[in-house]
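Below: a set of structures, written as structure tokens.
Each of the two complexes below includes chain A, the first together with chain B, the second together with chain C.
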Partner chain A sequence: MNVASGIVFQILQSVLVLLIAPLMVGWVNQCRAWLQNKSGPGIWQPYKVLNKLFHKDAVLAHNASPLFWATPYILFGSMWLAGGIVPVLATSLPFAPAADVIALVGLFAFARVFIALAGMDVGTSFGTLGARREMMIGFLAEPAMLMTLFTASLISQSTSLVTIVETLGHGDLVIYPSMAFAAAGFVMVLLAENGRIPIDNPSTHLELTMIHEAMILEYSARHLALVEWAASLKLTAYVTIGIAIFVPWGIAQAGDWAGIPVALAALALKLTIAGAGLALLEALSAKMRIFRAPEFLGTAFMLATLGMLVHFLLET
Partner chain B sequence: MNLPLHAQIINLCAALLLLLAFAMLTQRRIRSLINLFSAQGLVLVISTLTVAYATHQTHLYYSALLTLVLKVMLLPWIMHRLIRKLNVRWDVESVLNIPATLLIGIVLVIFAFNLAAPISQFSDTIAKSTLGIATACIFLAFLMMITRRKAISQVIGFLAMENGLFFAATSATYGMPMVVELGIALDVLVGTLIFGVFFFHIREKFESLDIHHLEKLKER
Partner chain C sequence: MMMDVSLPQPVETVVTLAVVWIGLGVAGLAFVRAPRFITHFIFPCGALVALLLAITGLGAIGAPPSVAILPAGLPDLPFHVRVDALSGFFLMLLGGVAFGTSLFSTGYFRGMAPAALALLSLQYHVFLASMTVVLIADDAYLFMVAWEAMALASYFLVTTEHHEEQNRKAGFIYLVVAHIGALGILLCFGVLQGGRGDYTFDALRQAGLGDNWASLAFLLAFLGFGAKAGMLPLHVWLPEAHPAAPSPVSALMSGVMLKTAIYGLVRVVYDLIGNIRWEWGLLVLLVGSATALFGILFALAENDLKRLLAYSSVENIGIVLTGIGLSMVFIGSGQPVAGALGLIAALYHALNHAVYKGLLFLGAGAILKSTTLWNLNQMGGLIRYMPKTAVVFLVGVLAISALPPLNGFVSEWLTFQVSLQASQLSSSVVRSLVPIAAALLALTGALTGMCFVKVYGIAFLGQPRLSLAEAPREAGGWELAGMVWLTIGCVLLGIFPVFVIGELNAVCLSLIGSGLSAEALASGWLWLVPTAGTQASYSPLIFLLAIMVVFGVTFLGVRRLYRGRLRRAAPWDCGFPEQTLRMQDSADAFGQPIRQIFAPLYRIRRQVPRPDDAAPVFRQTVEDWHWYVLYRPIARLTTYLSDQVGKLQQGRISVYLLYSFVTLIALLVFVK
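Now for the complex of A and B:
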């Protein structure tokens, strides 16, 4: 693989992730609307919202520190970086050695710390409340996430996502029972980390139960747009990590131009199904009380642990 | 690792059984508990059919059919009917809180895996490594019987334990003799019917299905 085509692939994938992230959110919202017998805003709505927000004037609170206005850029940057590291279109990209799965979890944690600090920065009660809840969910979700990823790492004997994809996707087709556990745990972590329904409702404002929305209440205009965009990038990054680990078929090798159409088609198909499935899960479950969240994430952690145990029992 | 496809399917079924056992342990609603039990029965049927197909043991086809009729259709139907008649739709109360139960469950699974490891080395069946999971399922069902207060969920725990035993039998020795299996199936069926009668009596006496009331020996 020569360096130039690797860089072209990297740029291609990063731009693609950036562009499809709002579409992903739009598709999930559209599916949710359909499942609730509503007509729905259409899948292009997030782009319209972003466009509207970028054309407004930003308002900052008087006591906001530089941290407050820097956070949207940090969030957006780290989520975009995560989107560039995960093998969405192709493996062995130039960025990929920058971070293995553990560093990716660290990247998400980094972004979470900043958004929580920004939520507390202005000093409104809602922001503080949201930040504390976010940190609680985060510290419960992180070990579960790591355990799920370790199950995949044990099979491919590497924590690098590229190696995992190559072992699972390009090797012989083998059924790994431990991956069933890991997948169940991963879906639960995905729901919790992205503020989806059993833990948080993404479509509420000004309610006592909200988590993510409570932290970003003080943001407006371009800052809000970047935070929203970062949230959709985070959702896309999680879904693509899930795809890379659990259904990696079709991801091309870097420098392999012939594999690109297949990879694009496979990605579109997988994201469509994943989005519809996410909406279905959200439509089927009810929002939990916040004190049930430890139980939910404890179950996710247990599933991931069981996945590792089953791996040792059945697959070694 | 390069197992043949049917062994992989059996391993997957074993993993699903364990998953369902844990789901039953955490489930709060009685109706969902029964549905999970029925799903566990279905997974059991699939794994038994796979073992039967892979090893050409014809009697396993019959026991798979028996499981399908009894555990996937008849018993859940009887339980649903009981619940409708007894009018117990509310949540299941457990003695321990659910995260603690889960942690105990994980410890039990590790114990069961270690317990089964030396035994399954002497077995030469295609599904020998699943013995640990079958043992874990039995322990988890037992844990469920201990931690639940309502009589119905204890009976479901009992039936789930039978599921685990059945799976252990198919994975370790290609199933028990047909006579024994028929006997067990009949026992489970009659047992459930008798439990159903008991439920009515317990409720009539104590106006609740909470086993807690049975602990006192004297009447008031």
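Now for the complex of A and C:
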């Protein structure tokens, strides 16, 4: 393998993910606005918000500890890393073997623990409430997530995303019924983990039912900007993981410069469809009570388990 | 011992070190009037011995087994000792953790009453020495003697503060369960020797038992060692005994003593019985998964920090048993490579748990000493008073929550990788059960994250929930040194897993004769590869470096590009002006979603006030239902049977003569 081209691909992809993440959120919000018969703020709005936040003076609570201001950077760093090692444009990235899908889930858990701790740091009622709910959703979503990933990894006998993409994307086209179950479960987990309806509502700021927003209430200016950017990176990383596992066609192989334009076009198309689909799901459903979340994520878990049993019964 | 040879065998060194430990303990008695001598000299010396033991153990992993016969014991029944790779690994674990706890003790026990301190020092060092002997014993006789010495020494340590009735009760429960376990182990050795009367481990290995006898021996060993390890439903002593003992002792009991039980299980099942069957593995796997899930659920409902840590130890033992169970399933199904991976994952997790749980118990001790608090509901904001303790505790919290790049994640990741080898299995039932066990493990891991966010968020973050007479002080230098040592362990074990895997592979090779695949071992020190590079890989160092680099770049970039000022103000909290300290979550509140979701698994008693109550009080207690469905009925049955037997005891000589007469007649009838 050509190491130099691998590194170029790696840098290219990391920068690309970093830059398109806010666009992804903007696109989802715009689609939702259209579905709700509103004109919407435009797809570039998240960039404007980030720019505004980076220019403001930051305010910290009197008793905020170093953990509080360090967390946005840690969060941003781990989410960027997650976006960088998922094969989005090309496989065989030099950093990709650093983490398989299980380690990716671990990375998301790492970020979640830090944001929850930061939510508890100042010691306000909303912060601790948000942290508690976030950890609750987290422990429900994580097993379901791992189960969908296990099901997906059984076909390629590997938890490495690169191998999964190469087995499914570059092999013969075979229809796996187990993957349908896993995909349904994955979408449900994606909604929960990214604070989307029906688990959490990303567009509220002052609701007693808020989760993610409650934890980050005390953040302002550059810290808030990093937290928001990290959240959009997380959404993008989840969507790209879904793309890599369930619709990997079009992803180039490393060193294949000619494949890059095709890969870029395929990625743009997939992200556009995924974003619109996400908006549609959000427009069609209503936010559920917090204690309905176990049922929702339990269903995701069951779907993934069914997928695994289907794999053992039909596909081996 | 003969120590004037130039290069002593590992076994000789280990025996010498154990003797030195006992000597240090006894020496403490001679200096009852000089408590400073005990804290300033004996505990640091004990720490040094621990360090030497760890180095010897590490050296013994790659070396061939060394054996010796001690000139002690009964006539014609000498003590056999042996240090092989498995013993070496556990000796390293013991020495490594004991070094940290001894350093911590050097500072922690200052100011204790002199007589109590001398006794404590004796029991502490005898405890360490007896655990060492358990790990090197090579015959059932010495093993049981050391095992009992370990139980008794730790019993006295648990009841250090015996003037409180609660601690005496805890000690009693511990002693009872320890002896149920010892009985199981004793019977297991009895079955293994197969009527030939030779109890050396060499003879037991050659026994060649039939299937049924081997299964019986396995069940007895599983019960016996499981009781000591804290396996469900014999875990009840852990949450009682750990809070009662002084914190460094809790660290040793939880970190090391539970691991001697794991050692015993592995030694008996893999080495002495051999010939593992997959049905046994399935049993271990199921019990392990149940133990793990149960342990963490109860940890989440707990608000006493040390009890919480004890329940979390139950959970971690469950994870270790899950790994061992997977390994046995694979070995029993003729897949020794996957089996070796399972054993490596289990042993790695045992080591990791020893290090981070040792650290967390020491941290709990530091909090207890500085604030006199053990209830999480009363803590808060400690990060501002004890910043250094807060940092090392945070590392422990991240490690136990199985987050990359720290050590807890590596062993859980390996356990997941083992369970994903399930498609190699032939039985389709087992093949579908194994991934379910993995899902339970995932649930457990995520719950652990929540549990320790609760611990850290409530104890160290937020605002103080109780105004103490004087502000808590940072832990002293020796205490910090002990904690930092274990913190370094957490980080290094997490970042350089390949070296640990190499050592563990040597253990597997010597124990079951097979290790990891060649490709897994040839992938270099940077990449952790369990089976093959295309299947799965993980590199914690790249992980850590990438996060740190991005952290640094972002931090500097944001600073350089936007020079926005930083202002301090009162917390915003949605503009709500009347914030009080009581509006923060308490530990109980944080666990509320868990209690609601898993309500059927708890035994919850609520005291809810009436609507018109003038001074409403809401009380809630969560209890372990094992007491009610298992232990209380057994206790009642025992009392009942004793009462019945008591009726025979009339206290009149004529009645007793009648008993003798009847017995004689009965014997004559039967023996005839």
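Following the convention adopted for this analysis, the second predicted complex is superposed on the first by the 316 of 316 C-alpha atoms of A that agree within 3 Å, B and C clash if a C-alpha of one lies under 4 Å from a C-alpha of the other, contacts with A are read in each partner's own complex, and residues count from 1 in each chain.
Convention: a contact is a pair of C-beta atoms (placed from the backbone, for glycine too) under 8 Å apart; a residue touches a chain by one contact, two chains touch by 3 or more.
It should be emphasised that the depicted structure is a prediction, and the values quoted were computed from it without experimental measurement.
In the overlay built on the shared chain, the residue A:157 is in contact with chain C alone; chain B does not reach it.
Legend: residue contacts after superposition of the two complexes on their common chain; A:8 is shown touching neither chain B nor chain C. In the superposed pair of complexes, A:310 makes contact with chain B only, with no contact to chain C. In the superposition on chain A, A:295 contacts chain B only, with no contact to chain C.
In the superposed pair of complexes, A:23 makes contact with neither chain B nor chain C. In the superposed model, A:139 makes contact with chain C only, not with chain B. By the touch criterion defined above, A:123 lies against chain C but remains apart from chain B after alignment on the C-alpha atoms of chain A. Touched residues of chain A were counted for both chain B and chain C, and C has more of them. When both complexes are overlaid on chain A, the residue A:178 reaches chain B alone and has no touch with chain C. Residues common to the contacts of chain A with chain B and with chain C across the two structures: 294, 305, 309, 312, 316. Taken together, the chain C residues at the contact with chain A in this complex read 380-381, 383-384, 394, 398, 401-404, 409, 413, 416-417, 420, 423, 428, 431-432, 435-436, 438-440, 442-443, 445-447, 449-450, 452-454, 456-458, 461-463, 527, 533-539, 542-543, 546-551, 554-555, 558, 561-562, 564-574, 576, 579, 581, 583-585, 589-590, 592-594, 596-597.
Residues of chain A that touch chain B in their complex: 172, 174-175, 177-178, 180-181, 184, 294-295, 298-299, 302-303, 305-306, 309-310, 312-316.
Touching chain A in their complex are the following residues of chain B: 1-3, 5, 8-9, 11-12, 14-16, 18-19, 22, 26, 98-99, 102-103, 105-106, 109-110, 113, 129-130, 132-133. Note for the complex: chain A touches chain C at residues 54-63, 65, 67, 73-74, 76-78, 80-81, 84, 95, 97-100, 102-103, 106-107, 109-110, 112-113, 116-117, 120-129, 131-133, 135-136, 138-143, 146-147, 150, 153-154, 157-160, 162-163, 206, 217-218, 221-222, 226, 290-291, 294, 301, 305, 308-309, 312, 316.
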